[in-house]
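Labels for the chains are A, B, C and D, by order of writing; each one numbers its residues from 1.
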Amino acid sequence: MIQPGDLVLFYHNERMAYVIAVPEKGKFSTHRGEIDYTEVLGKNYGDTVKTHLGVDFHLLKPTWSDLTMRVRRTTTIIYPKDAGYLLLRTVIFPGARVIEVGTGSGAFTILLANFVQPTGKVYSYESRSDFSENAQHNLRRVGLDTYVEFICRDVEKEGFMHDQVDAVFLDVPEPWAMVGHAHTALRGGYPLVSISPTVEQIQKTRSVLELEGFTRIEVVEILERELLVRLGRTRPKERMVSHTAYLVSAHKINRDSLTTDEHR
Amino acid sequence: MIQPGDLVLFYHNERMAYVIAVPEKGKFSTHRGEIDYTEVLGKNYGDTVKTHLGVDFHLLKPTWSDLTMRVRRTTTIIYPKDAGYLLLRTVIFPGARVIEVGTGSGAFTILLANFVQPTGKVYSYESRSDFSENAQHNLRRVGLDTYVEFICRDVEKEGFMHDQVDAVFLDVPEPWAMVGHAHTALRGGYPLVSISPTVEQIQKTRSVLELEGFTRIEVVEILERELLVRLGRTRPKERMVSHTAYLVSAHKINRDSLTTDEHR
Amino acid sequence: MIQPGDLVLFYHNERMAYVIAVPEKGKFSTHRGEIDYTEVLGKNYGDTVKTHLGVDFHLLKPTWSDLTMRVRRTTTIIYPKDAGYLLLRTVIFPGARVIEVGTGSGAFTILLANFVQPTGKVYSYESRSDFSENAQHNLRRVGLDTYVEFICRDVEKEGFMHDQVDAVFLDVPEPWAMVGHAHTALRGGYPLVSISPTVEQIQKTRSVLELEGFTRIEVVEILERELLVRLGRTRPKERMVSHTAYLVSAHKINRDSLTTDEHR
Amino acid sequence: MIQPGDLVLFYHNERMAYVIAVPEKGKFSTHRGEIDYTEVLGKNYGDTVKTHLGVDFHLLKPTWSDLTMRVRRTTTIIYPKDAGYLLLRTVIFPGARVIEVGTGSGAFTILLANFVQPTGKVYSYESRSDFSENAQHNLRRVGLDTYVEFICRDVEKEGFMHDQVDAVFLDVPEPWAMVGHAHTALRGGYPLVSISPTVEQIQKTRSVLELEGFTRIEVVEILERELLVRLGRTRPKERMVSHTAYLVSAHKINRDSLTTDEHR
């Protein structure tokens, strides 16, 4: 049975879909009518309730895609199509210790926290305290804040406080400025991934990655295209998101090892 | 230090990249020369070794992308671009109990096992015992077999042995034939995802999902496009994979709840 | 010098761009101010004029892309990305005789008329007389109506009035119903092209093409993606048209020739 | 009836498709058998002939797509998907006078020649005489060489010999070096289009276009994706061309007009 505080996706259709931490009282209210939360608390996930105007809402379990796309946003967020790809370019696992800069709205932090719990940790750096506070709110809401250490710090100047981490995730305007620090913080051979919207950012990041001792530097973009499957009228949706960001991945090489090799 | 049995990505470039469980003795051998494994065992991840012909190989930590793409294959496998998206359309977490049909080569099973460990379980169904055995080999190799229960069974006829699962993943030629069983096995409101290469499969799956009590049925395709970032010559790679499969996702609705609603 | 009746693209930016047949008097009027047409008539293509509010409009020569996208529409039209591809899948040339069904808003008819002039002819069939009349208006406006014979006719029942044509273009909801007639009308070995938005239309069209004596049946889709090239911030535009239609092309084979071959 | 010298597409399937100017004698020869050309001369377009091994070849009319893709190549060529789009971004018509640099293998020149005939002219500039000679061969083969003036010249240094042209097409490694000359050669308000494979080329071209007096500068890429439509197994083809080139278009503005405006 749905308990107070449980996250529920109130779903009528894609335009009317809301993730709610169900409160003990009050009303869920849309232009298609209202539902009393006390009625929802008596239901199970998968049940269907009606507004007082007779409109159906299904009580669904929110997916990771929902929980990240529907955070309270102070920044642009990483889309699921990109987030899923980035995660698989790393070695993340329950127990991993990973660094993220910047925290932003915490959408991607939610995923990291989920996939390192219960024994791992996300070190999430953010230079702006207002962003960090909003992100902490978003993490608490999904119950994953205990797996995240939020650090408000100017990484470019001060570097990271952690090392031997299993992955570094960069989502900042100038990722190249942190690549050197990321090299210091990472375990040898482990991956860094970075996300940036423009070609120029990617060009600079790539150059610095090479200089700072990374290999296997790859850049991709991920496109998501919806197919409308309807009897006798199947076709792709007419419009799509053409671009969110370029995704960079690379692995740290130990510089001393290279030097030794070269001097042989 | 790299230990015997550790998985290492021997990386020269993308065409010469091999995931190896390093043995205690013997030689790593390519057309660009050989490396004695005993030399590798004295190194760390991130170090670089040379073949006797002087060609560099970096000893990198394999990512999830590597570990799934480079399994011993008896079937087509789910690509990382698709796998990442599918995972985020579910509620998978350390501790989750999920069903997968079919096991295939176990590439996707590896991801599921990693993301449900240490307390969750993957129930992986496969009708062909030879596939299942190969997949078990692949899971053992990455040390994740203890989180998977391999079941050799004709699901279409016999259904699932587990219920109240957090997600069902279908990768079979006739997913529609298992949708009813999946509805029974799933927790109310929780997601099913399915992957199929052809439009006709998607059309049938969608129809049956609707009939059997699923909502929020969505179909997408994910495209991955590589960008070659080279000083003064940045451009997308000339060729790409245009199609792997369509990805379907849906949520279970509790049928009794619907009926009750309709009879009010 | 710009003459009365000349088509001019009044261009401020892509959102404020208007194709106008310049009248002898009156005012061009936008929310950014007005321009007296008498002032435009004293100018040349390529000149810049200002509204009374000081906003620049360049007087540009409209391209085929403009002339087709900015017709008076009663129907959906064929986009330039698709139209260009379709034309090159045929043998169109000045002097060609081609059939088009249906006329629609005449956007594609404009292109056909231009590329068969001065000695060729477009036979443009349309079952709805209101569509045909609007299309004739659109063709007259660009001065290409003399190269088109507009025919209002139910092609499915009555067939075509012309034969030995160099190409057949189908843009109708049920192209398969006209494939047999198209075979009769076409010169042997010459191409038919057809455009349809849904997969099911393409499936039926393909089946009938094969049955009716066509070969080299190919289906493609064309995607157009804009790149925003701005100093230091180059990236693809955020949104794009994901789908307009599937494009089918095929060549007629002479059935008697085939039969003869088979009986040898 | 097919005459000696006629261009015929000998078509078995897409991998076995050959454009041949049918000679008076000799044999068409493939690994699937031979066909005597004298037998072909007795046939019509659309007929089917068999090799001595019994394999069918259809005698099809080559399309513009075939005639450009199957030229004798000394350079990369412009693909039909791109060529069609470029043409529609101009005002080309029978009678137009247009400039092209460089001629390359003449694939795009064939299209221009066809669409300006019988009274127009293509001025095709190429700095390398060997390329120009091969292109002339390719144009003669399709019977369109009389509509082209081939000019071997270093345009960057010497500029164009023609002016008041209806369009300028640039397909050179350094298009920005010709933008000034193109501005001089073009009619006011008329379009220039340019094609380049890399982002950096586009960035430089765009900057210079803006400086030299062009407006409405747009950059797109065109993607072509094949759909395999087969009963019960419809799906996109597995691989595709991901990138050929970026396409730039712009319109000339008259500089004196601008100055006048600014001084008002």
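Criterion: contacts are C-beta pairs under 8 Å (C-beta built on N, C-alpha and C of every residue); 3 or more make two chains touch, one makes a residue touch a chain.
The model shown is predicted, which means the values in this text are computed figures rather than measured ones.
*Asks:* Can you give the whole-Å distance between the Cα centres of chain A and chain C?
*Replies:* 44
*Asks:* Report the inter-chain centroid distance for chain A and chain B in whole angstrom, where each centroid is the mean of the CA atoms.
*Replies:* Here chain A and chain B have centroids separated by 20 Å.
*Asks:* In chain B, which residues are in touch with two or more of the other chains?
*Replies:* In chain B, residues 199, 225-226, 234 touch at least two other chains, as defined above.
*Asks:* Which word fits the touch map of the chains here: line, ring, star, complete or other?
*Replies:* Chain contacts: single closed ring, each chain with exactly two partners.
*Asks:* Can you identify all of the chain pairs that touch?
*Replies:* A-B, A-C, B-D, C-D
*Asks:* Within the complex, which stretch of chain A touches chain B?
*Replies:* It is residues 9, 11, 14, 17, 43-50, 56, 58-65, 68, 80-81, 83-95, 111, 114-115, 117-118, 187-191, 199, 202-203, 206-207, 215-229, 231, 234, 246, 249, 251-254, 257-258, 261, 264 of chain A that touch chain B.
*Asks:* Would you pull the chain A residues touching chain C in the complex into a rising list?
*Replies:* Against chain C, the touching part of chain A is residues 197-200, 225-226, 232-244.
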